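Dropping a structure here in structure tokens format, bear with me for questions.
Order of writing sets the chain letters: A, B and C. Residues in each chain are counted from 1.
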Amino acid sequence: MKKMKTLMFLFMMVALVLAGCSSGGGDQGSDESGNGGGGNASVDVNIVAHPAYSLKASDQKVVGYLKNSISTFEDKNNANVDLTAYSSNISEAMAKLIEQASQDRAPDVAQIDAHILPRYYDYLQPLDPYLKKYNISLDDFYPFAKKVMKGPDGKIYGVQFTTDVRVMFYRKDLVSSPPKTWSDVLELGKKLKKQGYYPFLYPAGRGEGTTVTTILPMFWGQGGKLVDDQGKPVFGKGKNKQAMLNVLKFLDQTVKTGITPKRVSTYGSESDLNAEVATGKVAMFLGGNWQASQIKHILGEDEFKKWGVAPIPHKEGAEIATTAGGWAWAMFAKDKDKQKTAVDFLAQTFVGNEGMASWSNIGGYLPVRKPVYKTDEYKGGKFTDTFKKHLSKYAKARPSSEAYPEISAQLQIAVSSVVSESKTPEQALADAWSAVKAK
Amino acid sequence: MTDARVDEVKTSSKAQKRSFIQVLGNTPIPWILPLALILICIFLYPIIEIVRLSFTNASLVGDDYSYTLSSYTSLFTSPGFIKMLWVTGFFVGFSVLFQMAFGFVIALMIDQGTKRNLVGTVVTRTAVLSAWAIPGVIIGIIWSLLYSETESGILNYFLSLAGVTNPVAFLSDPINALISVTVANVWRGTAFSMIFVYAGLQTFPNDVIEAAKIDGAGAFQRLFKVIIPILKPIILVNLIVITVETFNTFDMVMALTGGGPGRSTEVIALSIYNQIFNNFHLGEGAAAAVLLLVINIALTVVYFRFLEKGSKEGRA
Amino acid sequence: MRNTAKERFINTGYYIGYAVIVIFFVFPLFWAFSLSVKNVPELFATPPILFPSDPKFENYAYVLQNTDVLTYLGNSFLIVFATILFVLLIAIPAAYAFSRMEFRYKGLALIAILIFQMVSPVVVAIPLYRFFAQFHLLNNYISLIAVYVAIGLPIATWFLRGYFDSIPKELDEAAIIDGCSRLQLVWKVLLPVCAPGIASVTILVGVQSWSQFVIPFILLDDNHLFPVSVGIVNLQSTTNAITTHYLAAASIISILPVIIVFILLQRYIVGALTSGAVKG
């Protein structure tokens, strides 16, 4: 008996260690559970989404809408929709998804950051036949979305279902006509500063908000390019270098003249600025369209009435430009039943006229298909027309290049270094360029 | 386990009839095998693997790579490398210095207070210890709320009450940010040093201090001539443990500044994480990890030298 | 008698010192609490409000209903409990062997364990991430806890070995003469004597595992499995609303259980840590 005890003890410990170290397989074994043959068998679709777009969202309205939509869909169709979320580190989640796809273990449908959709083309299934049924065509979409959705063979390899856009918010009672150029900003800013306001704020910390809201609009307006046609970084060369340097020099000036407080170098996301806006001392700031409803919530209806939106100021002689982001659904499943069921669900919930309108209302997103704005369901805000104009005329998506995440990270470091006055614009750009090129 | 059974074993062991299991049980193998297996799988294998990866240009995404030294060359020549070492050095150096100093002073104060039957020692001790039990990321979040630079920021409000007119850029000025991060880390780590020193003080032969008092030694003399020399071994062990711990930490920094502004608070462990999981440069991140590993091992060797020396002195 | 005035003066000095220390260590937590019971205008009020006149405890209800903080807490407890259990199961026999048996390479093995103790978790996490990903062991508590156990083992083994060393060998010999096997010896004789050491290890490994961040951050990506440390970061990065007060409330909820444990058990914790630290 004693021997048995000893043996059991050791055996258990060894088993434990082995279980931890090497046991492969396990429960994840069969992902091809749906036997495509059966006609009336229920179809299982698994969809993996951004956490804020899934049942894990922190916003109860989102969760309620999704739950409701899933149950309605499952009642009508013989289907099982499993909507889960990937990790909150989005860039990592995106990278993992490519890895999974290359090993053929991607989920049936995944939500992908729209601008990098082209990197997934090889693993995606075209959606054209299913979208026709809903009268959805490429021409419904804004130009930047069309560009990423259309694969090299002309087929639709993903459907963008939300978008967002960056603008300048300004206080109408303080700013009679919004500044169009950088020198207008500096000039007006000095006056506002004397009156005790924080004239001009923008995200300048280490976060994607800095790249898309602060850098890219001002950089693109001068015709600058981050990468060439092959996706190789070129922002540190020739004309692009000059354009980027101009942006950094302008930001440097905003801090040096005191129209921008240094602390913006801790704000990596547009929404980080909300706390500043709440103090009532901000006159102008660069931000995303979704902040309109956030500010309304923070300040209340009356204060919110004072705010207006305008294009992001550009360099003298350059053009208005801005960044549009957004998310797309992409199909990895090869099974036709799954494809059809999945698109039916996506159309009902996110992509069809009604679905996109309701989803945009709930999440505060902008519809990416033009017809949706005309539907009765879509309730825009008071800035919707300006946002629409930005989307159709000024907006571009970020490059899909694999080098982009690194470029963006290095440019954030550059901006945050310049704004916190730890580097000169020249030095910050040189460092960013050599860090990117070293790879 | 019945008595009869025990008796049986007694007789059989007297008769020196040892079964295989018993023989095995008397060798160290079954006793340390589980430990060895788990440490080999979860420490040794990854260490070998990270060294191997550091000589490749592997990416976190995708399986293709080739062997090269470029990870190391690009690590050592990258513009931020020297600065990262400075940042890490500052963070570790000052964190350790102040954690030790505060831990020592607090432990001494609590020990003396207990001897003087003061109330409040328990509350103080618990307050310090609580900080130790909070996960680093939550500490980072809580301190980022304190350091808020807007007009609703609490620390700046206190400073303005104290007559500081310009709000302090706690996190947006590169130097301040590094100091702020270090302060938060001292807040977090002081408890550990306090426990170490406090434990040392509990073993203190009380008559030593009394004898010193009778000899007419002043408080400072007692501190430097009696208390510190006796606590020296404990202080040194503590020093090495928290130095390593601070080198390895990044959760608090990540939640507090994310390494910014610029890269002014990007300590080595955070830089490894960023390289690999945000930029996907597995090879280069691995090279930085190897550098951290070398620092870890070097400190261990110092520690071990010291332990050996200590035990020899103890025996002598 | 002339000393009483001086003593009183010194005592006052101590009390001031205690007050400063307590304020320095408690104020950050107090401020987080204060933020957690404010509404949006109060959050951004200037000058800041220390004590909101009408505390909004409904923020807590909101956080409990709308986030997974409770799940994260439950996960943390489960992981920490399992880790402590397995660390003790593996470290006690090993520490016994290192204390009582002589064998080749013992010194080397001890140095190796010490080195492992010093290795940064981020260093081991990267290869493990690749390894686990390959064998579908990500998002798996067995593999996760194995890593936690490995991280807790070196310190536990060293600590307990030191503790065993401090127990006179005569105790073993007496037990062996009584006919105890080694397993019985450890279980029935040494363990009761080592209880304070085991308590210290439990606390050390418990605190270490509770705060562990890198390992779960890298090896888990399923929200349902996150421990509090990772779950809170997840909440922090949610930017689609004003969340400062909710974030503060979630932070308070997630540190409250441990703080309560520390306050209730602080006498034992300090006792165990000090007696353990000295012998270990």
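The rule is simple: contacts are C-beta pairs under 8 Å (C-beta built on N, C-alpha and C of every residue); 3 or more make two chains touch, one makes a residue touch a chain.
This is a predicted model, so every value here is computed, not measured.
Seen from the Cα centre of chain C, the chain whose own Cα centre is farthest off is A. Of the two chain pairs shown, A-B and A-C, the one joined by more C-beta contacts is A-B.
Per-chain CA centroids place chain B at a distance of 13 Å from chain C. Per-chain CA centroids place chain A at a distance of 37 Å from chain C. The multi-chain contact residues of chain A, meaning those touching 2 or more other chains, are 2, 6, 13, 16-17, 20-22, 89, 92, 96, 99, 275, 278-279. Multi-chain contact residues of chain C, defined as those touching 2 or more other chains: 43-44, 46, 89-90, 146-147, 149, 181, 183-184, 233, 244. Within chain B, residues 1, 9, 25, 30, 34, 38, 41-42, 150-152, 277 each touch two or more of the remaining chains.
Chain A contributes residues 2, 5-6, 9, 13, 16-17, 19-26, 28, 51-52, 56, 58-60, 85-89, 92-93, 96, 99, 269-272, 274-275, 278-279, 290, 294, 297-298, 363-364 to its touches with chain C in the complex.
By the touch criterion given at the top, residues 1-3, 6-7, 10, 13-14, 16-18, 20-22, 89, 91-92, 95-96, 98-99, 102, 205-207, 261-266, 268, 275-276, 278-279, 281, 405-406, 409, 413-414, 416-417, 419-423, 428, 430-431, 434-435, 438-439 of chain A touch chain B in their complex. Across the interface of their complex, chain A is touched by residues 1, 5, 9, 19, 21, 25, 30, 33-34, 37-38, 41-42, 60-62, 74, 77-80, 148-152, 169, 171-174, 177, 257-264, 274, 277-281, 284 of chain B. Only residues 7, 11, 14-15, 17-18, 21-22, 24-26, 28-29, 31-32, 35, 43-48, 50, 89-91, 93-94, 96-98, 101, 103, 106, 109, 111-128, 130-131, 146-147, 149-151, 153-154, 157, 179, 181-184, 207, 210-214, 217-218, 228-230, 232-233, 236, 244, 247-248, 251, 254-255, 258-259, 261-263, 266-267, 269-270, 273-278 of chain C touch chain B when the two sit together in their complex.
Against chain A, in their complex, chain C makes its touches with residues 40-41, 43-44, 46, 65-68, 86, 89-90, 133, 135-137, 140, 142-143, 145-147, 149, 181, 183-184, 220-223, 233-235, 237-244, 246.
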